[in-house]
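Lettered A, B, C and D in written order, each chain numbered from 1.
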């Protein structure tokens, strides 16, 4: 394993030091592993997210005006714990309640659930939005359900804008839920990620195969497929997403995120193919992000997220945001 | 303060349990992570070892005065350090056991069996997994039942614990052919079959550690 | 080779399609391979840069208000050609002349030189700033001299702000030169990059070795060293840079850039170590960038750039910028 | 329109040169890139092949009417498609040759020798490399000298071209022990020794291609 780290067990603690050093506008609680805005905005609904580390910039890179108030960082690929989330809620909520933005993984769900109970006991009103947008997973109430992936970024941005402009907890929760319900994602891996604590790739992927529908922790996807040209891969991603939800007749927000090990030139290349496929199918892309937004350590590959937006969502999307990884209008 | 075969678990017995659990987990962490890498995300060993280490340190720093305090302290340590699905679930197991026993100085077989049942019920309530879903419940539930049966039958404590450990081991092995319906492994669908569930494996270690710790102290 | 591409020979052309699709605010000339602002600002000095592709976001990701007017994209790791640069100059210069920002590689230098001659013949006044900031290379007038790396980003930002606020060609050239003279960089590779056209890693780096002082095209560095903890690697980078230039008693702008294959969590971790080393040595970091800014395809590793700034540079650094990869205040 | 050994290069001869050059480069591209990967950035073969292909297409699309036009057109194609250090240098070589011969319909040995010398001088002026710096100059300069000597001595054209090709090959091989002082290979310092220079290798192919094309056409 070749990584820029000291001790595998200290990766998260050491990375948080760098976040603190690079971002004076953020307050890093090293004990609770919470990255929060240095100055919470009084009277504003507090947006709190979090999850396992290794998906950076998600979530800490999205803390700041117009987006999250706090992010709880778990160990690499491991959900954070309820005490972290409670500490976050206590730090950034100012009386208007808190929205928990939770990716649908058992660990995250259970820990955020315990945290909501604890916060409730402390008199902090909490609502939760669950993101479960990964079309690679068969949806079923009998299983853990769909995984939460790229739509999380869009929920954080859009709900963040709503909260910033003064919407109350119910309203913020409502728009967050609408985004979560209208976003769909699918990813593809060219290589496995390597966890610092494990030291070798989490799964074997032969030189001529890809994992279509991979999860951001390396969960297997729909199929092991032969390595294919980028335009074919783009077609598979687009087709799977469009088969799952209607994206016609509405403005669409598209995000093509790298998984960590794939260079930007390839992401733009894939996005070129995606854009022309969407155009062929009569879908109007209104806004686009191309880059690393939700990653899986050093995994090579990408994920595509499409959101069926509406005018309200577009307006909130365009509202100012000022975070480490997403910044405009401010 | 060595325990005797008087049919009760003292605070020292429970402490020995937790230390033994930590020891066994430390030894098995790599194996657990390997199991998790087959059908999960390759962190179960690391997660749980972080947690049992925290329990060990916490019990050393602030030795609890009674059984309930010990279980609660252990549960809090697990909840706040393990993370992942297993952290909240193991945490819940211990916190519900703590609630069940209250500030008791010692636990007899019946009290222990009730507490363990309450703990497992907490795990099921939180995780919404049923037996057969290929989770830690598949090891915990049979252990709870074996313990209750033994207690109801008036079996001695150590024998009861051994029965529970044996039941957990059987439950653990029974996860191999199962298709996971909860947790990360469920994403694999049919491909999750033919693998041991990591959480059921650590749960069997937990129950075995109690039997072993007790047997060593009275043995 | 596992890459998200169609044909190796079409990588650049296909990636440009994605840039055009993702960025309506940019004008992409597919024939000339020039990415320019869709609406040039009349009367402003035109800032033009360019170089081989594979270093994205450099340079096309830095085109926009407050930074570059146009970027010329060469083939992967190959300098663009004079006709591209001439086309760029003709497209974006509006009478106030053009500044060529050139990284010191023979290919870039010679092609930009030919382009300057051509532009001159067309009546466009051109000045050139050469960036040669890589301390890994022994400086000598008998060789090709130092390579141009991370300081290029800072030159583009600061000179871009000066041009945006109306400075004339001499003034823009002067501040660009001051930045180039006061910036120093060094990089480290954990793995080799793989060129699409070659299909295998450009160099062999055993699992337990790193290339200290690597260039952004995989040029060998100062030493092949054993893989070391990140904090030791940070120490080597910091020490080499500080030994080459005095960074005390002035505000410093620091950039820690990934090389393409290294995840953000590791970059923050390295920056944490860099920040504490700089603090120990009494150096004041005034501004920081951590992320992928100048990359080398899928190479794992990072490069550190430090700029000895002054108040004028800081003011220009803070000025609004609105590009794909760098955005604030606008 | 087959050429004859009349001591003059026609436009067809020059076209044949360029086609031959493209053919040889296509065959050697991988090898050239390998050489460049040892001491450069692994693109020389790709770069130069892209350029000679563009020359071939351009000559087919718009066949030039005289030698100067052909050399200029080829030079422009190289400048605008090769990129890298070698693009501007090979471009300069041809553009300076074009300037030197002007709109001549044919070139005799002396005119060719002068033109080639002018081209190489352009390369040196642009790249500021001296012989011994381990660059294409190490193959081009001896070729230019051999051609001039042969022309001054009144040697027949084909013989002169062969002498130039031989000199280029010797110059190419002489780059092996050299430490690079110009171009990307110079970053390697001492480690650049014991490798053939890729640009000198393609330059030797260029000169050899002229001799071969000519020999085939008069053949």
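Here, contacts are C-beta pairs under 8 Å (C-beta built on N, C-alpha and C of every residue); 3 or more make two chains touch, one makes a residue touch a chain.
Just so we're clear, the structure is a prediction, and the values are computed from it rather than from any experiment.
Engineer: Taking contact as defined at the start, I'd like the list of chains shared as neighbours by subunit A and subunit C.
Structural biologist: Common neighbours, subunit A/subunit C: none found.
Engineer: Compared with subunit D, which chain's mean CA position is the farthest off?
Structural biologist: B
Engineer: Once you find the CA centre of subunit C and the CA centre of subunit D, what distance in Å lies between them?
Structural biologist: 33
Engineer: Please compute the C-alpha centroid of subunit B, do the same for subunit D, then give the distance between them in whole Å.
Structural biologist: Once rounded, the distance between the two centres reads 77 Å.
Engineer: Rounded to the nearest whole Å, what is the centre-to-centre distance of subunit B and subunit C, using the mean of the C-alpha atoms as each centre?
Structural biologist: Roughly 55 Å separates the two chain centres.
Engineer: Among the residues of subunit A, pick out those that touch two or more other chains and give their numbers.
Structural biologist: 76
Engineer: Among line, ring, star, complete and other, which best matches the way these chains touch?
Structural biologist: Per interface graph, the chains form a line.
Engineer: Under the stated contact criterion, what part of subunit A meets subunit C in this complex?
Structural biologist: Contacts found on subunit A: 2-7, 11-12, 14-23, 53-54, 56-57, 61, 76, 190-191, 207, 210, 227, 229-231, 233, 260-273, 275-276, 285, 288, 290-292, 295, 297-298, 300-302, 322, 325, 327-330.
Engineer: Which residues of subunit C touch subunit D once you look at their complex with the stated criterion?
Structural biologist: Against subunit D, subunit C makes touches at 52, 74-84, 105-107, 110-111, 113-114, 137-138, 142-144, 147, 195, 197-198, 202-203, 215, 217-220.
Engineer: Going by the contact rule set out above, which residues of subunit D touch subunit C in the complex?
Structural biologist: 33, 37, 41-43, 46-47, 50, 79-89, 91-92, 126-127, 180-184, 186-189, 191
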